Structures are given as structure tokens and as C-alpha cells.
Amino acid sequence: MSGYVETILVMLSINVILAYAAFLPLAAGQVNLGIAGLMAIGAYASSYLGAEYAVPPGPAIAIGVLISAAVSIVIAFPILRTRDIYLALATLALGECISGIIINTEALGGAAGYSVSGYVGLPWIASCAIGVCVLVFILFRTRLGLCIVSVDDDERVADLLGIHVRAVKVAAFSMGGALAGLAGGLYAHYFSFIEGQHFTVLLSVYVVLYVLLGGAKTLIGPLAGALIFTLMPELLRAGNEWRYALFALFVIAVMAIRPHGLFMPGQPPWRRLGRSGEAR
Amino acid sequence: MLLQQIVNGLLLGGVYVLVAVAFSICWGFLNFVNFSIPALFSLGGFCIWVFMQYGIGWWPSALLAVVLAAAVSCIVERFTFRFQRNAGPVVPLVSSLGFLILIENVLLALYGSEGRAVQLPLQDVNWRIDGLVISLPQLGGLLLAILLVAGFSVALKTSKLGRGVRAIAESPDTAVLLGVRINSLVPLVFLLAGVFSGLAGVLFALGYQQVSPFIGDQVALKGLSAMVLGGMGSIWGAVLGGLVIGIVEVLAIRFWSADFVKIAVYGVLLLLLIIKPSGLLGNGQTRQEKF
Amino acid sequence: MSDTLLALSGVSKSFGGLKVIDDVSFTIPRGSRSAIIGPNGAGKSTLFNLISGAFPTDRGSITLDGIELTGMPARHRARHGLTRNFQNIRLMPTLSTFDNMLLGQHARAAGLAELLRPVRSPRARNIWRDEVREELDLAGLGAYVDSRVEGLPYGIRKKLEIVRALLARPKLLLLDEPCAGLNTAERDQILPFLRSLERRGITLMIVEHDMQLIADLCDHVIVLNFGVKIAEGAPDCVRADPQVITAYLGAEDQ
């Protein structure tokens, strides 16, 4: 397998994990624009453990996931007091704060970046991506998954039906944070180098965009979005300068025709929807 | 010393004010956080350099840049708000983010990411009083910004168009019944947002004389913070917020370092959103769920 | 086991200075079918919201089967046997009938094991699935089990919402205008269904404007006007009560 193909597959795997990291809170109605920050926590925590305490990559990444999850839970309580656009903005601010703190911490390399000693190869990374997909699919077969979706649909009624809405929201947010941490740890241990400037709002925006592009109301949507985001520029042989512009153009076009994304529940993507949402 | 810092902060704030007002009118009238505004800012600021490259003078370039930003804003309206009003609040947000990425990456692909210098005949013209140094171009910008916002505010209250726009903000359905033409007023709001953001970018270019395709990102996000600080939807709140953020930023750079500015501004925003999302001049009402 | 299922005592609620419920007290016997009636604005829906826990009372107490509901969050009340429907039908729009019904069971599916059980799986065999199918069949709605609720007819959705409430195995079922918006045929269909609930030992409390329905179905009527209880008793007595007549006629005059 050529190095080029291998890198693409690694990026695809990581993008898939990030897709579900964004999808879980979205399924509960939360737009998380701070995913990059939570990814950074996983990346830096696992790398630091490897560098300072000689922890092998596997356990280091696992601990990184736990730390991202813990940070997400702690932050979820105050941040989930906001909702809708206020929540989106708060998570945006959160992500920027985390990235700002990392850039200013000399022990983590500051603005110059941080070298990662351990290495994780494609087989592990791809397995993690597949594992995440399987876990998410199973999750949404359970009552917990049903609770998450219902909290987005009608929070008041969910409450009256006996669902602990606050707990469900925190769970969705934290599980998303854990997945972001996983993506970060894997990324760090493949590319062997991480810098604060990579984990910006823009990254979070890309992730949220491609999940919504694929369709945030179905389980397959995020996967489709990650595929398109990773592979489309390669297929179009777009140079590095134009890849994001083209992606953005595609997103805008799709949103104009199918506002809920390519995959909608019960509607295959080739069914064109009119503006009122009725199938033609 | 402190007064100089405050003056510098106010001058910087002038730029934030226009951006904050642009965000504010989109939020206040359309319930929509328009993430294309940072791109329109970049577009305005960067294009003044582009036009000057063609030999056009600085002020026609400025004018053209603002017009371009306004025109692009109207295109954004056609492809975000108009189609997706009924598809939920997330969708227009996402499309506007799409435009942000599209516009800035097009500029990046065409012109590269390096900073470009904007040559002005009025460089380094300063007003010195009592040991304070006030940059005239920046002062001009601040005054222009405040004048424009004041004029807009007055027009909003007195003109027929203004009343129509406020009616839409209250209740789009009722407004339609009362004969307000939503389809021509909504583009107007976008047009104004484009004018304000583009002008802010132009003023930034004229004041700091250095532009790149990404100037919008940091500046506009601070404009967003300014809007939240001042009270989302309140125009004078946006003005107040813009000036305060300008001052906070300058003081943070002075007393800590440039690196900490990011954490300072976003930390403030985060706390604000959690504790008092209605901001300084907001009316303290977060959306109550009707049962 | 006491004969009283629900007891309200001195319940009051104001919204911003306006007293919407004023010192209301009554008891609902177990197994009865009670109606709450009154002119528009009398506070009927508010009363339901107070009992179900959508908002807290200002004063007074509400007990269900001896358990004090005052101060208890809404989500716990379902667990104690209290469920309701909504005047304007609030089923989860993007979910299927089956999923909506599963949600109705949530109050009884306690614990982490239940939360993580893959109950939505099409091929899973478990008591929850069977129960949903059974209830839907009883209501004559078995055909709709996999449909998305969004496209279903109004009358069907109204019935589905009640089935969802039944899946919580309630002691007390609050029905907010169960016949609103139904045509005569649909109404005639839903009536036997409501009657069958009595056989299952469920106590009903209904808000309704349809006097004929109340006469057919209920044995106990409570009348509210401007947030105050003005009459209580058997349907015939209440109908003849002069205060009640004035309340309704007075309202019509306006």
C-alpha cells in the first residue's frame, strides 16, 4: 500500500471518528463547535503521557480518552445551561480557550508544537474507526439512544415521560467529547507531531459541516459526510488551495436543495426534495 | 500609559463596533447568527488591496470593496436564508459557515496567505495632544462607524422601511399579513450587514495597513463577542460591546501578552454566555419555552 | 389502600401577578372518571400542568395515592403512575410509532441495564416490544406500528398519544381534550376506547368541552371559573347548578 493511500485511509478513519464525535451531541440537539479543543486534549494528554512517563501508545490514548471525557463532563454542566445558538457560541469559545491555553503552555511545546514518541499504524486506527461505528449503531438501538433523539425532538415531553433530560444531554456531550479525544490521540500517534494551531475553530466547523452535509438525522449521514470530506478533493484532484473552497461550495449547494443533508430518515439521497421539504 | 492604552482600545473598538452591529442586525431582525460576516470583513479589507493593485486610487478602491462585500452578502442571502428559513435554526447557520469557508479559501487560493501592505497617502498622520498619540485614520474610522450606526438607528425608528424590518423581527407571519414585503426587506438586512462588515474590513485595512485573507476570523469573532457582551440584538449594546472588547484586548496585551488575548477574550465570552447571556444592555429575557 | 387516588388541597398558582388557579381543592376517587370543565381561560390546562409537574405550585399540596407530588420533578411523577396526553398532540415527530410507544414505557424501564438494552432492534425479542404490539392491537392501531407519526391522520395520532400514555401503566391518566378536532365518526370510535380504560382499572381525569361525552363517560365533574372551583358533583347536578350556568352564559355574553 502506498504511503499516499495509507495517509488517506488514516485521515478517513480519524474523520469518521470525529464525525460521530460531533454527531452524538447533535443528535441531542447540541451544536458543538469546540470539538477541536476536546480533540486537542486527547492528543496532548496521550502524547504527554508517552513522552514524560513512557506510557505505551495504547494505554496512553485510552487515558487520553478518559481525560477528554472527564473534561467534557465537568464542562457540560455549566455549558449545557445554554442552548441553541448560545450553546454553539459557548462551545466555540471553549474550543478557542483550550487551544489558547495549549499554545501558551511551554510544557506542551507552546506555539512550536509537540513531538510524539509512540506510533500507531493504520490497522489500529481503522479498527478504532470501525469500532466506533459499531458502538454508535448499537447505542442508537438502545433506550439511551432513543432518549437522546427524543430530547432533541421535544424536550418538555421527554421530561414528562420520565426521561432525565439533563443527564441525557450531559451523556451525549461527554460521549462526543470522549470520541473527539480518541480521534486526537490516534492523530497524534500517527503523525508524530501536534501543534495547537491545528486544533482551531475552523476544524470544528469542518467537522460539523460535513456531518450536517451527510445528514445529522441518520446514523449513516456522518459516515457519508466524512467520506465526502476526505475523498472528494482527492477524486477531483483538487490542489491543496482549492480543496476547502470546493468542499464549501458543495455544502452550500447541498444545503440549498436538501437542507437536512444527503441522508434523511426514510429518504434516499437521490430523491430530490423541494423547498418545502416535500418529495417530488 | 493607561490613557494611551484606552485610546488605542477605543480606536480598535471602532472596527469591532461595525462588525458587532452587522451581527446584531442579523440576529435581532432575523434570529440568525450570520457567520459569513467574518468573510465579508476579510473580503472588504483584502479587496481594497486587490483593487489598488489595478491602479485604482485608495478611496475608489475602498468604495468598490464595500460594494463588493454588499453584493456578495446578497448572494449569501439567496443561498442561505431564503431557502432554509423553515428548516430549523441550524441550517442557515451551517450555510453561512459554508460561505465563510468558501470566500476565505477562494481569496487564499487566488492570492496566497501572506500579508499584503496597503499603501496610503495618509500613513502615519497622527494627532498629538497632551502626550497622547491618536492615529487619524483610525480616529476617522471610529467616527465614521459611530455616525453610520447612529444614522442607521435613527432610520430604523423613523422610516417606513425601518418599521417594516422591526415588524419582521417581531413576527414574520403578522408582518406579511400587514403588507410588509419580507422578500425585499430580508435582502436589505443582508445588504446592510454586508456594508457594515465590508466597511469594517476597509477601515481595518486603512488603519493597520496590513491585510490577509484571514483578517476576518479573529476580528469578527471578537465582534461576535462584542455583540453578546452588549446584548444580542441591541445595536447600541453592540457599540458598547465593541468599544469594551477593544479596550480589554489592548489592556490584555499590555499587561499580559498577545498570547493571552485569545484566552482573555474567549474566556470572557464563555463566562458571559453561561452566566448572563443577555449581555449588558439586553433585557434579561432568555427564550422561555411556551407550554 | 385508600379510596382516594388524587387529592388537591389549597392549590394556587399565579403568573406574573395574575392568579390563574385560586385555592382549588378536590379529591378524585380511585377508579372514577372525572371531568374538569369551565369556560375558556378558567385554568383547566394550567391545572393539568400543575398536576403533571410542568410548573410548580405557589401554594397547596397535591398527593397521588398518598405520595406528596408537590416539589417532585415532572420526570418522577410518571414513575408514580401519572401520565397525560396533550391538547395539540405532542408525539415525537421524527420517530416511528413504535419508538414513540417505547418512550411511553420509559418510566417503567428503570436502571442502567434497561437503558442499554437494544430494544429498538427490529429482530430483538423482548417483553417491551411485545407489550407495544399488544397495546397497539388493543387500540386497533396495530397496522401503524412502523409508520412515521408525522404523516398519520389526526384521529390516529390522537389515539396513539393515549396509547403512549397507557404504556406507562398509569394509575391516573390525564386527558386534555381527547376529542378536540375529531369529526363525529372519529369521536364515535374513540369513545368505546376511553370506556375500556375503566375496565383496566385506570382512573381518568378529563378536560373537555363536549358535554355529551362527559355525560356518557364521566361520573364526577369539577367546574372551574377564573381559577376557582365553583361546583363539583355528578354530571346532572352540575349541569343544573345555577352558578355553573351563569359562568357559561356570562362568558357567552362577552
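Brief remarks on what is shown
Letters A, B and C mark the chains in the order given here, with residues in each chain numbered from 1 onward.
In this text, contacts are C-beta pairs under 8 Å (C-beta built on N, C-alpha and C of every residue); 3 or more make two chains touch, one makes a residue touch a chain.
Remember, it's a predicted structure, so these values are computed and weren't measured experimentally.
Here the largest set of C-beta contact pairs joins the chains A-B. Central chain (C-alpha centroid nearest the global protein C-alpha centroid): A. Most remote from chain B, judged by the distance between CA-atom centroids, is C.
If each chain is reduced to the centroid of its CA atoms, chain B and chain C end up 50 Å from each other. In this assembly, the C-alpha centroid of chain A lies 41 Å from the C-alpha centroid of chain C.
Centroids of chain A and chain B (each the mean of its C-alpha atoms) stand 29 Å apart.
Shown for chain A are the residues that touch two or more other chains, namely 156. Multi-chain contact residues, meaning those touching two or more other chains, occur in chain B at positions 291.
Among all residues of chain C, those that touch two or more other chains are 54.
Within the complex formed with chain C, the chain A residues making contact are 138, 140-147, 149-150, 153-154, 156-165, 217, 265-266.
Against chain A, the residues of chain C that register as touching in their complex are 52-54, 73-79, 84, 86, 90, 92-95, 99, 102-104, 106-107, 109, 114-121, 124, 148, 168.
Against chain B, in their complex, chain A makes its touches with residues 31, 78-79, 81-82, 84-86, 88-90, 92-94, 96-97, 99-101, 103-104, 111, 155-156, 201-202, 205-206, 208-209, 212, 239, 241-242, 244-245, 247-249, 251-252, 255-256, 259-260, 275-277. Listing the residues of chain B that touch chain A in their complex gives 33, 79-80, 83-84, 86-91, 93-95, 97-102, 105-106, 108-109, 217, 221, 224-225, 228, 259-260, 262-263, 266-267, 269-270, 273-274, 277, 286-287, 289, 291.
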